[in-house]
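Each of the next two complexes has chain A plus one other chain: chain B in the first, chain C in the second.
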Partner chain A sequence: MNGLLVLFDLVLLAGIVGVAWRCLASTDLFRAVVLFITFGLLLALAWVRLEAPDIALAEAAIGAGITGALLLVTLERLRSIMAERRSGRPHTPPPDPTGPHALLRALHDPPPERRTFLPALTFALVVGGLLVTALWHQPQSTGLEPVVDAHMDVSGVDHPITAVLLNFRAYDTFLELAIVLIALLGAWSLGRHDLIPARPAPGPILPGTLRLLVPVAIVTGVYVLWAGSHAPGGAFQAGAILGAAGILLVLARPHQLPMAPGVPLRLGLTAGVALFLLVGLYGLVAGHGFLGYADAWAYPLILLIEIAATLSIALALVALFVAGRPAGDDA
Partner chain B sequence: MIANTLTVVLILAGLVFFAAGTAGLLRFPDVYSRLHALTKADNVGLGLVVLGLMFQASGPADILKLLLIWLLVLAAGTTAAHMVAQRTWTHGEFESDR
Partner chain C sequence: MNGLAETLAHTLAPGLLYPTAGAILFALGLYGLIRRHHLVLRILALNIMGSGVFMVLLGVAARGEGPPDPVAQALTLTGIVVAVSATAFALALVVHLTRLTGHAVMLPGPPDDDAPVEDISRGEHHADGGPAASDEDRPS
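What follows is the complex of A and B.
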């Protein structure tokens, strides 16, 4: 039985390395994106084998699912930009390698010459060697597991991962939420509001399936959020599931998007970070330290922060997919 | 014992469909026949694997969860196949940049 599992792990490892190699070596961007999504799914499987279902869920939902959708829509936008340029100026002189849009062009240029092979190989061998040496000199320690287990009773939740993410190391989670928000601000500050280059399939099948899938996705998202306090799950996974439902809706009806009202949208987007910060500051004033909770209040506060964070993450992921600010809101 | 045998037989049968579907995806000449091969792997192959796993479930909740997974994949797979076929029908085969 154990031998079979080792065999499975080896095949999985070979698959991960192989898909990563094909993804990096592909000169076709669409193929590279599809391989990246495959890579994410295989990586999720690897996390399952490492007995980290929380990370597996997050990797499958965010790493493979949402990031894949973001990359695909970016590719589609790049294509329409390139097509526009080609049709507009049919006989352009060879482009200046340092000029504007150099980055955009570089994406479509042929891969670099063979002479980069030797430096790249040397670099890969040095980094690989360092990583192997690091593995060799791993200290004999049990990690932080006993420490976390010893403090579970004051964490307010029953699931050690959630206890670490929202109590013991809440600072990290707070910054992760802030990064999602900052990414969205970056996308909005580019100031585009073009439509999503989607071509919804005509016919009743897609809307019919969405009528079926979106309620299921909402129930699953809320369940995963709720389960976070005692089992694998939590705000990021739940937010990704709800965000995916939103992206499906956006993709199915790109021309009839309801205008997102500016103020409620912004309130929803910042709810996670704002509430987290507020609770953190209160902890500072009340003497529990920044982002510390009173023991009795830990559970309700964690739940409140998780709900707000889920809402913000889901909204931010959909908004990142749509990319531009809501049209007609330049004020 | 009977349950274990049934599980092994059903999952092996499911894997045959997956292998056939993958072979078809790689070898068939056009989008429609590739879709035809692929949807067999999704629908029948996964159905047999799920059915096989149901004999190992610890209770009715697990059985229902497995059934739900199969139904969701059926719905999503069917829609995806429909959309790929529809797009090929209206716009022709997908052309890559290179």
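What follows is the complex of A and C.
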């Protein structure tokens, strides 16, 4: 056993738990969000240590990056709503019982009251203790690694995780794409989007940097998508990278959103689920079972589904960041 | 002495250390979820609980001698994407709630401590009026 590695594990885990604790204990929401982004990046490091580079890529891009952007824009929206409520309509008294401190209340959470301390602590300790006990007494098992390894030759790809995601357990991935779509429909059902309150940074630096960064992001995203068939990577990571590029574009020009309105946007958003469903139904008709592929067709079909899924995930992440249906779209 | 070193080596192996840390993260998130009132903080607590679950899954997948279990890793990847979608929807709900009632804090006590009903209808009427967040209202 390598002593240095054990030391690394202990320091990393202590850091992760400590950052999570500071995040949940802070009264300033902005501080909590920044700590949460740090938490996500430390988690990505832990996933590398656990020999899961795919998850580390996804965590850094989605868990830390996209979630962080969503949280920050939400704080900005809350601040703007609070400010408007306080100053915009003097004839309406602010409904918040705290009155003049409504703006502060929006982005601050007072420390929790004392009476919840003991029940919360007891509950968390009992649940955590039971979990640790169960995990320590789990029987030894080799897991499903040998089974996956034995069937890699019929999967159509060379990377075990892509094989599991898009062939052996394609049903999970299909439903996951549907959940992304449903979350977006839920956000759209709350009404039209309003302008993102964050103003673009003055000066040429942000647009200039974007002009250099977006092509690099597109090349990286396509490479990660392509690499998914034989190395860590795939549709989710590629979709997250492209989505992050889209979010940057939206942020640089918040007043002229570069989103295709109406039909093209909707087609792009549903492409992943629709194509997956079509391929699945074809498999059912052709006798391979729902979401089964003929061996010779597995690779091209997986690649096709991955391209459509990347497009849908990237568009859905940008649309969830913008939040709300596009304006001027009454279809 | 030898037995103690063996127990220590067994305990500090990543296959046991990381799931334990995952369980701690889950309990920590649960504690924060119960105690904090602001809805954004509660969403953060839920996300930390989810990360604890991912750490348990990946830690258990890394047990043993061979390469890690790809099925558990694929499930975690699915889970991360589902988590970000659910978080985005929850945040959209929080923004909408704030627009209607004026606060994003889950107040303690019975429901009649919250904003009165007529405030909600008035807020809704205003929300229909058009894009609410105008830049002039923001304090600089």
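One rule holds in what follows: the second predicted complex is superposed on the first by the 304 of 331 C-alpha atoms of A that agree within 3 Å, B and C clash if a C-alpha of one lies under 4 Å from a C-alpha of the other, contacts with A are read in each partner's own complex, and residues count from 1 in each chain.
Basically, a residue touches a chain if its C-beta (ideal position, glycine included) is under 8 Å from a C-beta of that chain, and two chains touch if they have at least 3 such contacts.
From a predicted model like this one, the values you see are computed outputs, not experimental measurements.
Of the two partner chains, chain C is the only one that A:F236 touches; chain B does not reach it. Using the contact criterion defined above for the overlaid structures, shared-chain residue A:V216 touches chain B, although it does not reach chain C.
When the two complexes are overlaid on their common chain A, residue A:L29 makes contact with chain B and with chain C alike. Using the contact criterion defined above for the overlaid structures, shared-chain residue A:L206 touches chain B, although it does not reach chain C. Judged by the number of chain A residues each one touches, C leads among chain B and chain C. By the touch criterion stated above, A:H151 is placed in contact with neither chain B nor chain C. Contact with chain C, but none with chain B, is seen for A:L125 once the two complexes are overlaid on the shared chain. Once the two complexes are overlaid on the shared chain, A:I81 sits against chain C while remaining clear of chain B.
Touched by chain B in one complex and by chain C in the other are residues 29, 79, 108, 199 of chain A.
Contact residues on chain A toward chain B in their complex (touch as defined above): 27-31, 79, 108, 199, 201-203, 205-206, 209, 212-213, 216. Within the complex, the chain C residues that touch chain A are 9, 12-14, 16-21, 23-32, 34-38, 40-41, 44-45, 47-48, 51, 54-56, 58-64, 66-78, 80-89, 91-96, 98-99, 101-105, 108, 115-116, 119, 122-123, 126-127, 131-135, 137-139.
On chain A, the positions that touch chain C within their shared complex are 1, 6, 9-10, 13, 16-17, 20-21, 23-25, 29, 32-33, 36, 39-40, 43, 46-47, 49-52, 54-55, 58-59, 62-63, 66-67, 70-71, 74-75, 77-85, 87-89, 92, 94-96, 102-103, 105-106, 108-110, 112-113, 116-117, 119-121, 123-125, 127-128, 131-132, 135-136, 138, 140, 142-146, 148, 160-161, 163-165, 168-169, 172-173, 176, 179-180, 182-184, 186-187, 190-195, 197, 199, 234, 236, 313, 316-317, 320-321, 323-324, 327. Taken in their complex, chain B has these residues touching chain A: 72, 75-76, 78-79, 82-83, 86-87, 96-98.
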